[in-house]
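Some structures are shown below for you to check.
Paired with chain B in one complex and with chain C in the other, chain A is shared by the two complexes that follow.
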Partner chain A sequence: MVVTQKREEKHLVLTLEGRLDTTTAPQLEEVLKSSLGGVTHLTLDLAKLVYVSSAGLRVILGAQKQMSKLDGMVVKNVNETVMDVFEVTGFKEILTLE
Partner chain B sequence: MRKTFQKWLFLFVVVAFIVTFCISFSIESRQAKGNAVGLIRLKMEDARKQIVVNRENIATVRSIVDAAALAKARAFAKIVALQPSVLKRGEELEDIRRRLDVDELHVSDERGILIADIPAEYIGYDMAASEQSAEFLAALHDPNFALVQEPRRKGISGEMFQYAGVARTGTPGIVQIGYHPKRLQAAVEVADIANLSAGFRIGKSGKIIVGEAGKIVSIDNPAFLGKSLKEYGFSDKQLRRGESEFVANLQGVRYLCLSSSYEGYKLIGILPLSEMYVGRNEMGLFLVVCNLILFAVVFALVSVLVQRVVIDGIYSVNRSLERITQGDLNERVEVKTNNEFVALSEGINSTVTALKEAIAEAAARIDAELEVARAIQRSSLPGAFSSFPGRDEFDVYATMGTAKEVGGDFYDFFLIGENRLAVVIADVSGKGIPASLFMMTTKTLLQNLTEAGASPERVFSEANKYLCENNEIGMFVTAFMGILELDTGRFTYVNAGHNPPLFRKAGGRYSWLKSPPGFVLGGMEGTRYRERELLFQAGDRLFLYTDGVTEALNLQEELFSDLRLEETLNADVAREMDVTTLLKHVQSEIDRFTDGADQADDITMLGLEYKGKVKG
Partner chain C sequence: MISVKHLSKVFGDTTVLKDVNAEIQRGEVISIIGPSGTGKSTFLRCLNLLERPTGGEVTIDGINLLDRKTDVYKLRQKMGMVFQSFNLFSHLMVVENIMLGPVNLLGSGRQEAFEDAMRLLATVGLAEKAYAYPDELSGGQKQRVAIARTLAMHPEIVLFDEPTSALDPTMVSEVLSVVRKLADEGMTMMVVTHEMKFARDVSTRVFFMDQGIIYEEGSPKQIFEEPKRERTRGFINKIRTYLFEIRSRTFDFYAMNSGIEEFGRKQMLTPKQINNIQLVTEELLMNQLLTKGGDAVDIDVNVGYAEESGEVALTLTYGGSLFNPLEGDGSDEDLSVLIVKRVARMSKWESDAGRNKLRVIL
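This part shows the complex of A and B:
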């Protein structure tokens, strides 16, 4: 998986590309841990994310929880496969999707 | 590294080259100058000697000529004394002059008046009348008088002419002869200082310049004869020096000069710098060429040697280390070009061997621990399916194929009292020991709450609350639970983010029991779960599973998928199978599909068939 960061002042945009599963979830977790300092608004761009497993959902949930105390988190460009997972797991209800 | 090495080597070679060249150049320069000064000094010494020799020659010739002249004068005086008559006879006098080989003969009386002469026009001339002849008057009183005068220049030709005279014998008077001292003139001409320069070349184009009172009296180029030394290019300062060497720019050429004073002459030996340095320059060129070749060879040799002995070895070791780093612990380093590399290779090899052994050991230990964890996990699940002896209202069966890693799937079914059967299937996010502990907690929670009599939605709400409170690592679990009332067939279920199960009416086809799920357990505090109901009739079936089923991958990385699962369940061959056989069939279809590919996730399935209320 490739994580691309784009920072505009307090707004961080992370573009995820590839598979977000048990193997790659720690990578995203690490990026979040090191880059969220001073960030109040987070956007996850999932246009190129082809798969998300429960381990990946866990990291997304963690970010959602962390950002909900600030200006929030937006998930955008969710494709059909990933949206299916969000639907089945109820994530669709708790995430701000665009 | 090779670049760095070559850079330094190159630098060293260049510096060595420059230093060597500078030292040689300086030594050669000094030597060239020393040689040149020596050469000039030698020539000047010769020139000085030549001046001395010339003067001595002249003196010798002069004394011979003087002696001869006096002898002739005395002989003539004797003839006049013996034969005074010759004075009267011009032919005899002329004959005597010829025999004496002189040009003039003069004889005076006791008063110094000439009485006989050749040429005859001087007869009657008073010798006191001119300074030159007056010198001889002393002979009138001194019978022993003898004088040879200094030669004088005479006439337009400037030829030398000389007079010698003695007192007359027996009577007062003067006998004088006049002649061209040809030998003396020749000797003087030879000894002329103007000829000195022509006799002494220094090297190829060096020369000696002679000055006298600031004027050039001898030089190779006649155009400068008589000109001043300053005009030629020497400065006052240079001319004022005593014997010393200096560099002067003369007529556009730079010369090394050595000046010295001698007998009123200023001798200056000069040699063009270009000629003085011609040897050094040739030597320098030779040195440059030789050094360039030598250093190029050294550079190439050392470079090649280092490349072969050190760098190739290091690259080879690095390549091996890279393969080792990438996980190939069977790689061996075999660089044997020299002892150091042999030691290094052996060191690396033994380290890798030790590492391999340590890893194998650790892996074995971890495997053993995981096996224990798996066993514990498995033993916590209901396994013996004869656990409901005598219950004919339902048939339930479940399987769990664990992946290599300890996963977080689990299933459960248990009776609540006599009339209710609970079924659970769940999947914890993540893997490993943490996931399996989280799973155990969840399973126990759900069972306890259910057995305490809570409704499914309340069970999930309570379990969620508890799991959220004690969840530092942010794990969550997707779960589906349903409770079947065995007498009525009423099935109450709740879903927390889990894959919806497939339901089949007796004799019908399986289809998904789709309903908006609640959020996962342990994900968000205060999540509300909504119960739904379904009425089972005899022969109706429910198939629960985790995503390990639909996301099983084959070697081409294709998913088993919802579609294949649906097709497998609805295939004709599966239609009459009981739930136990059905689950085994689905498993074998999955195995057939994956065809030996690694199983990434737990594969868990649970089948439930309602057989209807027992009659009687």
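This part shows the complex of A and C:
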């Protein structure tokens, strides 16, 4: 998985490309840990994310919890496959999707 | 009529028949089915000594076939054989091909043999081809002549070794309908065949051969509708499988996933189906079996795709204490269990000889 970061002042955009699974979720967790300092609004761009499993969902949920205390988190460009997983797990209701 | 006990046949280093046991009664029609190379034809050929068995016992009407004192030629006359290739003499007319055996081996008179041949040709629907030469006939017609030739020897049992395998699909049914007619007349027959519909409709019993033994036998209904054993089920439902063994917690997750992907593509599964197999496999392995299952790591991952029904099934067989990861009322389920339950159409856990077996239909 490739994670690309784009920061505009207090707004961070993370673009995820590839598979967010057991083996790659720690990578996203690490990026979040090291980059969220001073960030009040987070956008996850999932246009190129082709797969997500519960390991990835846990990291996304962690970020959501953290950002909800601030200006929030938006998840955008979710493709059908990933949306299916959001749906069956109820994440579709929890997350702010664009 | 025929009793087979512990029959084995070894060719060089290859054991084709390991331990075949069977009892065949008069009037039975037995279809022998199974994957290629499992000894079906060899079994048939051992029954009339076209192949000499390496071990075991074959008794026909109480006479031991393998006894040196047994008159094999006489015993063989009781058994006709129809081969994949028709083996007709091309320089003889159809009727002469049929008369050859009775006149030369049974000592029948020419007139008697001729009348019998004409009767048999009528039975197989080829009376008008009596004076034709084999080269003027289609494959299906040649095979019907070959059947008439076998019947001319008045056998008590006819062994068919893949009688339609060398034929164009359009000619298969004309040959099978002749075999079907013989079955209706009460002829004892053993048929090695890949024609499943035929085996299902015509047989009184079906032998499923695999790994050099009769792996499962039963009525056509039993074998085709309720096969008891895994390999029979796999063969009947044309199940293609992908296997991956996990013996360590640090197993190659990437290799497993790309194996599933390659398998799925080969079976023309949709990307969504492939994705779901990978998802359910990952959730069960990484968040359940490898974390909660405890001690030893001994997991077999089997992805099966049934060509006929289109069903995709993931079967995980694992050692350790009995543990069903999908058990529970759903109140405090974690994400991974939720995903599996929502994506799966059905799941079943059982203890199979002390090992856990979790089958998830996707």
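One rule holds in what follows: the second predicted complex is superposed on the first by the 98 of 98 C-alpha atoms of A that agree within 3 Å, B and C clash if a C-alpha of one lies under 4 Å from a C-alpha of the other, contacts with A are read in each partner's own complex, and residues count from 1 in each chain.
Note that contacts are C-beta pairs under 8 Å (C-beta built on N, C-alpha and C of every residue); 3 or more make two chains touch, one makes a residue touch a chain.
What you see is a predicted model; the values in this text were computed from it and never measured.
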Combined model on chain A: chain C and chain B, fit or clash:
clash
Quick one: is A:55 in contact with chain B, with chain C, with both, or with neither? Answer first, second, both or neither.
both
So, does A:96 touch the first partner chain B, the second partner chain C, both, or neither?
neither
With both complexes superposed on chain A, which partner does A:65 reach: first (chain B), second (chain C), both or neither?
first
Going by the contact rule set out at the top, does A:79 touch chain B (first), chain C (second), both, or neither?
neither
Which of the two partners, first being chain B and second being chain C, lies in contact with A:4: first, second, both, or neither?
neither
When you line up both complexes on chain A, which piece of chain B, out of 9-17, 225-233, 423-431 or 531-539, runs into chain C?
423-431
Which chain A residues lie in the overlap of the chain B contact set and the chain C contact set?
22, 53-55, 57-58, 88-89
Which of the residues in chain C come into contact with chain A in the complex?
253-254, 271-272, 275, 278-279, 282-283, 286-287, 334-336, 338-339, 342-343
Footprint of chain B on chain A - complex, ascending
22, 53-55, 57-58, 61-62, 65, 87-91, 93-94
Chain A contact footprint on chain B (complex, rising order):
408, 427-431, 474-476, 478, 496-500, 517-520, 523-524, 527, 547, 551, 600-601
Note: in the complex, chain A contacts chain C through residues 21-23, 51, 53-55, 57-58, 80-81, 84-85, 88-89
